[in-house]
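Structure record follows, encoded as structure tokens.
Per-chain residue numbering starts at 1, and chain names A, B, C, D, E and F are given in the order in which the chains are listed.
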């Protein structure tokens, strides 16, 4: 069902792109978050048919990175002199909810640092302004979608571990799970 | 039901975060207000699916702090040179009403002063521009939620004292109550 | 029914605050208008769940004071270098209509001049840009609310005198009435 | 029915105020247009519960005066350095339509030139950007309202003359009618 | 039915005004487009109760003229230093659709060049950004309205020629038709 | 049914114009995307009755070109000093969806580079921020429309090849198909 072929995200891997997991009415799906920096004034541009909750989630990640720029070796001036555009294909599909928070934050961190995101890694989780990762729903469907898409590793909130344990282990063989409490842990795992 | 584990707000306590009490259709709940300062021009950024009354409540607290900056040892220049972002997780849940006024005002004061909010303290109350605290509804449900979450102390408007007295005392054993008339009293109790 | 205790507006009286009379679906009520000046660029910030007519009424009072700054000993530069925030508690209650015009204009004049509003004084009336006071409705209910709240003096449009004369005199004993034609008369009576 | 007493517009006559004629669901009425200049950047501020057509009509008059500033002895710099606020009491009554165009344009011209509008004069008519006056409806009701209010002179579009001729002459005895084609004629008649 | 007398557009002809043809629910009608230049920053101001499609049509004409300024002897600086106001009387009538594109573009070109539009000339047609003229509907009704109003010449898209040929020739005797493919042809025919 | 005659897009071919394929409720159609550069501040102006998804698609293409300016020999300063206007006739027809992404991106690239788009070439496909081309729907109807309109070559996403293979080969004789994975491939094929 995914319109992305397996080799596309292998080959096209570049700074600013991260893979998330979404829960749609037809089941779980993978979702790319693409970001691009250009000259600007610290603006955050959002496209891809995003709802308000998802836009606020991006804004939260943006402020978190700005407040913690030095910790992550991001030039603080970037938040004054660059525009960051966050796009989530596929543009015809409305998307909403807070669960892409970690993915959008990671994609932005990748763009700002120039470090790529680890290949074959997906993630899902709400983020808070002080750097916590909150659990989200639809874990089973999301994990199965990750496996169908050939992904190898997943980052989740530690409070979602119980949801993974309820999945038949045959279905998730070969998938590595990382449970985190904070956005700092996400970025340490994701940026390579 | 709360997605925050007890130790999370113990450990992750940092300037700019305060705990409020909310009254939802499933009963009382605790609610975190997170704030973050970054370079800016005195803008107030609000996220977390907040309704208009709640946004106006944040704006009221913001102006109050600006007008009383010297009294609280806040650098008046912060209101020209910083952006303050107020976020209330969980982003998927719509939130509204004036009762988070004291909590948002306290979290902002904590961010601006760099002083932490006393741990295990929660609060609820409407605020006015000249610094008064007004009573709010749902006190019983909010107090029970505070206790379930392991909180130890609560700040309320003095006109809500009668609502607390109607709660069976067995349910609130060990909880300390502070009744206030003004925002100055709130900040004296909350900032440590 | 009022959430403000009698002594609150006695004690907390400060420049920038005025008491109005409102006519709600549960009868008359008193209403506080709070204002606060801070550094800015002549912006008028309005909160308290105000409807469009009430917001325009505030804007009209703001322009009137700007145009007549010298007459009232207001520094004209304040309209370029300050932001004035007008807040009307209680934030959960939607408010609208032009009848708080005189109260909002008086509260702003009090903030700009630094002069307090006379205690135990309430007022109601529409204002126009050239400084006239127009009559408003619900006079009986408003007057009774003023008396219940312990107020001692009221300012009304001279065209509302007939409405006061229709109230049983036993109900308004001890209340002093001031009938005015212009905003200048309002400010002479209200600012002390 | 009018809330303005006869002597009010006699006495309070000042530059920036003009009297129009409105056609409401309860019949004709007179309507004051008040304007006020203050320091600014050429902004046009509109209050009084005006609909979009009426707002556009004000904008059209504003541009006409800006384009023809020299012809009317208006300082062209006023359109860069002043804000003009146009207010139409009574704020609770929604108003719309193009027929207050001549009145708003005249009130603005009066404010910009400092010349008063002739007393006891009313007017009604749509205006166009190149300076024409167009006919409007409800002439009979408007004329009768003008007479009830004690006005003595009326400006109308020449294409409305036929509507006046249909009114029983006994009803309009003593009223002087001026029929015009252009805004220039309006201003020559109105500004004294 | 038209509120404009025949001599009005003879006499009041001035740079910046063009006559279009509209198709309304009561049949065809003529429509004036008025434009006015004033000091500004290249802004396009639109009034006259225009719908979104008609506003976009004006924006398209505006960009076309800016891109082709030199070809039409327009000072390119005008697009930075002037505001152009486009008004379409009668303000009470909602107007929409792309068919006034040629008329609005011509009126703007007339204002920018200072050249008048040929008298007794009307036009109708959609415009595109690269300068093409597209056919529009309601040709028969529009042509009959042009004749009733005493107009003598019409500009249409060449693809509308077949619609004119379907009209009984007795009805269009004396009317001259110009069929065009491009906006350049329109301006060559219209500006004198 | 198309309002564009065959020779129009042959003759009027100029930098900034590209031909897309649209899928409407009456079947497939061709669609022109016109762009025009003028002095400005890096703004993207969109007209032609475009829906939000289509506007976001244009914004995505705009950022892609800005981020990859040097690769395509575009002066990076253009994104600060020019305004690009993208117009899609016919203005009365609402348009939406992501499938015009490649066409809008190509038209913009043509305007920015000054290179024309290859004549008789059409294209359809969603674009992503990192430069991928995604498959879209309605391929059969779009291809048939391209042929009816006399086009000779089409660019599609490689994942749409299977849709072309399902079309009876008699219907597509003489049409050349280019299947691509990236926007770079699109621009190499389209700009001449």
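The rule is short, and it goes like this: a residue touches a chain if its C-beta (ideal position, glycine included) is under 8 Å from a C-beta of that chain, and two chains touch if they have at least 3 such contacts.
Model, not experiment: these values are computed from the prediction.
Minimum number of contact steps separating chain B from chain E: 3.
Put simply, chain C has to spin 180° for its C-alpha atoms to lie on chain F, with the angle rounded to a multiple of 5.
Farthest chain from chain B (centres taken as the mean of C-alpha atoms): E.
Homomeric contact chain E/chain F is classed as different-residue, with under half of its interface positions used by both copies. One simple way to say how far apart two chains are is to compare their mean CA positions; for chain A and chain B this gives 30 Å. Averaging Cα coordinates per chain places chain C and chain E 52 Å apart. Within chain A, contacts with two or more other chains are made by no residue at all. Those residues of chain B whose C-beta lies close enough to touch chain A in the complex are 3, 5, 8, 12, 14, 16-17, 32, 34-39, 45, 47-49, 85, 87, 89-92. Looking at the complex, you find that chain A touches chain B at residues 52-53, 56-57, 59-60, 63-64, 66-67, 76, 79-80, 97-98, 101, 126, 128-132, 134-135, 159, 181-182.
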